[in-house]
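Worksheet: one structure, shown below.
Naming follows writing order (A, B, C and D), and every chain is counted from residue 1.
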Amino acid sequence: MKSMQELKKQVAQANVDLVKYGLVTLTWGNVSGIDRDEGLVVIKPSGVDYKTMSAEDMVIVDMKGKVIEGKWKPSSDTATHLELYKAFKNIGGVTHTHSTYATIFCQAGIEIPCYGTTHADHFDGTIPLTRFLTEQEVDEAYEKYTGKIIIERFKDLDPIATPGVLVWGHAPFCWGKSAEDSVKNSLVLERVAQMAYATRHLNSDSNPLPDYILRKHFNRKHGPNAYYGQK
Amino acid sequence: MKSMQELKKQVAQANVDLVKYGLVTLTWGNVSGIDRDEGLVVIKPSGVDYKTMSAEDMVIVDMKGKVIEGKWKPSSDTATHLELYKAFKNIGGVTHTHSTYATIFCQAGIEIPCYGTTHADHFDGTIPLTRFLTEQEVDEAYEKYTGKIIIERFKDLDPIATPGVLVWGHAPFCWGKSAEDSVKNSLVLERVAQMAYATRHLNSDSNPLPDYILRKHFNRKHGPNAYYGQK
Amino acid sequence: MKSMQELKKQVAQANVDLVKYGLVTLTWGNVSGIDRDEGLVVIKPSGVDYKTMSAEDMVIVDMKGKVIEGKWKPSSDTATHLELYKAFKNIGGVTHTHSTYATIFCQAGIEIPCYGTTHADHFDGTIPLTRFLTEQEVDEAYEKYTGKIIIERFKDLDPIATPGVLVWGHAPFCWGKSAEDSVKNSLVLERVAQMAYATRHLNSDSNPLPDYILRKHFNRKHGPNAYYGQK
Amino acid sequence: MKSMQELKKQVAQANVDLVKYGLVTLTWGNVSGIDRDEGLVVIKPSGVDYKTMSAEDMVIVDMKGKVIEGKWKPSSDTATHLELYKAFKNIGGVTHTHSTYATIFCQAGIEIPCYGTTHADHFDGTIPLTRFLTEQEVDEAYEKYTGKIIIERFKDLDPIATPGVLVWGHAPFCWGKSAEDSVKNSLVLERVAQMAYATRHLNSDSNPLPDYILRKHFNRKHGPNAYYGQK
């Protein structure tokens, strides 16, 4: 379980980074990471202050949500994280926040079109919105069905190319190849949401970016011919 | 009076936290806490800088507003705090700020509907707005009547489930089970107000959250079956 | 000239406070203070970085703008400050900034109505807007006439009760009983402007605060019966 | 190559200043500087964290983009910088950011009129917008043509008097007499864009600043009769 110790450190750091990036108020956010070989998920404890949080506070749960290790209760959103890990086989980390502008799109029930290259660098097109949960789903298993309506919305979408979603009436979830990567995608989503909000105000006839520029930018950073960065 | 010393420390810290959370400019805010057994309230002094403020600067008043201990004059809003403590028997702390977005709703004379789960996690529905004070009320006892129009607005509301209010033309008051808790509710109100402001801009047809989701979220954190956090 | 040394320290500190309060970008702001007995004004040097600024960098000018002491050129806006000191006999300090929201009202050519008590606590009613300078005034003596159109606008206003103004197409000037006080009024103006901007967006039918509440709040902090603060 | 060492330090510092001024998120920005005598450009490496960046991380390229010195790959936007240096003979530094409000104007496809003196102090009139790249240009040499459409837009404009541009659907580029100067112009553009955005919201009939005031302000800081600052 040496790798689990490393994962706990990464997940604790990723949770603390939410504060550094201005993505959370009080304890409104949680990050997890998965060890696919062990079949175990490391997640933030529920309602604990980020300021005093360390690797030792992280909770290890199995894929059914049973606590394997940890002195705290896991995040109340754990069941949502688990659904995402089960459906999206290539992701290594999940982040949930109530970051201001992404949440505003969730509240207004509006998807985020790709208005510029900042968006295209990280999300391959529109950032999708789920439907509302039904009353029966809420009653039966609220957090689990929150995962299920996300997965339903991704029926025809690639979660790697679109690493985040807006849950209607609630807030965003993002993911990535690691816990750290899912936090960065949450930060990108927040900036992209802020700019989309103001773009629509400035010009209500704003058009999405032409598709050939979207493709170019996304592929500069992703896929086989990426040439951004040092790799 | 040992517990009063502890309360003075808590109230001083809660006042300083207003600055940490970005809820005040200059000296525009005040927090108090009550000792129900002693029948005494600890409150911030009027117009004193938060930077140099300590427990020793706090003022102790009785339920009629008479200064029992303290080297400074109490907050000019003391009479409003006292009215709230007398009417809302289960609260332990009161916070008044002019935080930006909550104050904007006060100035615009608009209540804050529950547009999402961030709101539902802390306020059980619409955040209410008082009426304006009449000229006679202003002349007679401005701060006391500010408390009275809040209480009037809560005639059919539970102050525990709705721990804050917008005073028309003025600014918000929040409360909670302690001074610290009332500050946290003030922070939540500010974030919720900012998101409600932008939600309405983004989509002028935005609907409030379906009631069964509101209920679910509020009850995750409050009431007998709460399962958020470590308790 | 002992008092001049003290004034230089106060004015240097007041200029540095512009940065602390988030009122300036780069070197876009300047504060001065006057010694009425000496008939001398201490003002910030032109285009010097706030980070390295101390009392020794301040420039002393006489009421005609002649440099009496100092190693730098005075602020390019010195002539505006001098006009204000000559016309408004009871002020001790002047601040000019391009703070974001106050400047937006200047650019939009709109005065700031009193929408709430935050405004009423510091400005006794609408914050006025000057006219544009004429081409001849600009050619002849730009900075001096900037002062003159402010004074023209205050023909029927009391500069003590309304300690600031919006210069159309330009930015705000504020004043007060000292350099420090003029900076505080600039901060209040910025907050009030931000809230007025958003209040109008939230509700385009927003009404100014009823006059009897405006009067009450202004007089809580100002005038013979003031009872806010410790004096 | 002693001067190149100095230039590397300046360019590294200018890149770090992007963070200080709040102009970048993650690694979304790059600054370069040119040594006209050597015919060499120093530029930020691609995708490297600003926090750990020093002069030793800078990359030296020749005017064809060939790496002359450096352990990293140069910024993916290097070809754009080179086009600008070749066309605008008097500039010494170039900055590219995705700063929030300037990018919003790029996304909305709207030029920034001069609404006030803050703008006029630094940009001699409207801040121009390029056209979109064609699909063929994107396919052939995306970054090089980004430079070319900027230059095309400046056919009748002086790049010294208008030290920045909005690339439609993308983000701004600014330049100046040095790397540091190009960063300052990027900061000014961001502030000016934020104020223009809100000015249009506050008053949709806002007019540009009268030309004689624009001229006066631009010439206070620029040109033969400038009298702002200490030179």
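One rule holds in what follows: a residue touches a chain if its C-beta (ideal position, glycine included) is under 8 Å from a C-beta of that chain, and two chains touch if they have at least 3 such contacts.
Remember, predicted model here, so these are calculated numbers, not experimental data.
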item	value
Touching both chain C and chain D (chains)	none
Partner chains shared by chain B and chain C (touch criterion as defined above)	none
Copy pair chain A, chain B: interface residue numbering same or different (half cut)	different
Chain whose average C-alpha position is farthest from chain D's own	B
Chain A on chain D, rotation in degrees - Cα superposition, rounded to nearest 5	90
Chain A and chain B, separation of their C-alpha mean positions in angstrom	33
Computed distance of Cα centres, chain D from chain B, in Å	46
In chain C, residues with contacts to at least two other chains	201
Chain-level touch network, classified as line, ring, star, complete or other	ring
Listing of all chain pairs that touch each other, if any do	A-B, A-D, B-C, C-D
Touching residues (chain side chain D, partner chain C) in the complex	115-118, 121, 184, 187-188, 191, 194-196, 198-199, 201-203, 206-207, 209-210, 212-213, 216, 220, 227-230
Partner chain A, residues of chain D touching it in the complex	25-26, 28, 45-48, 72-73, 76, 98, 100-101, 103-110, 132-133, 135, 138-139, 142, 169-171, 197, 200-201
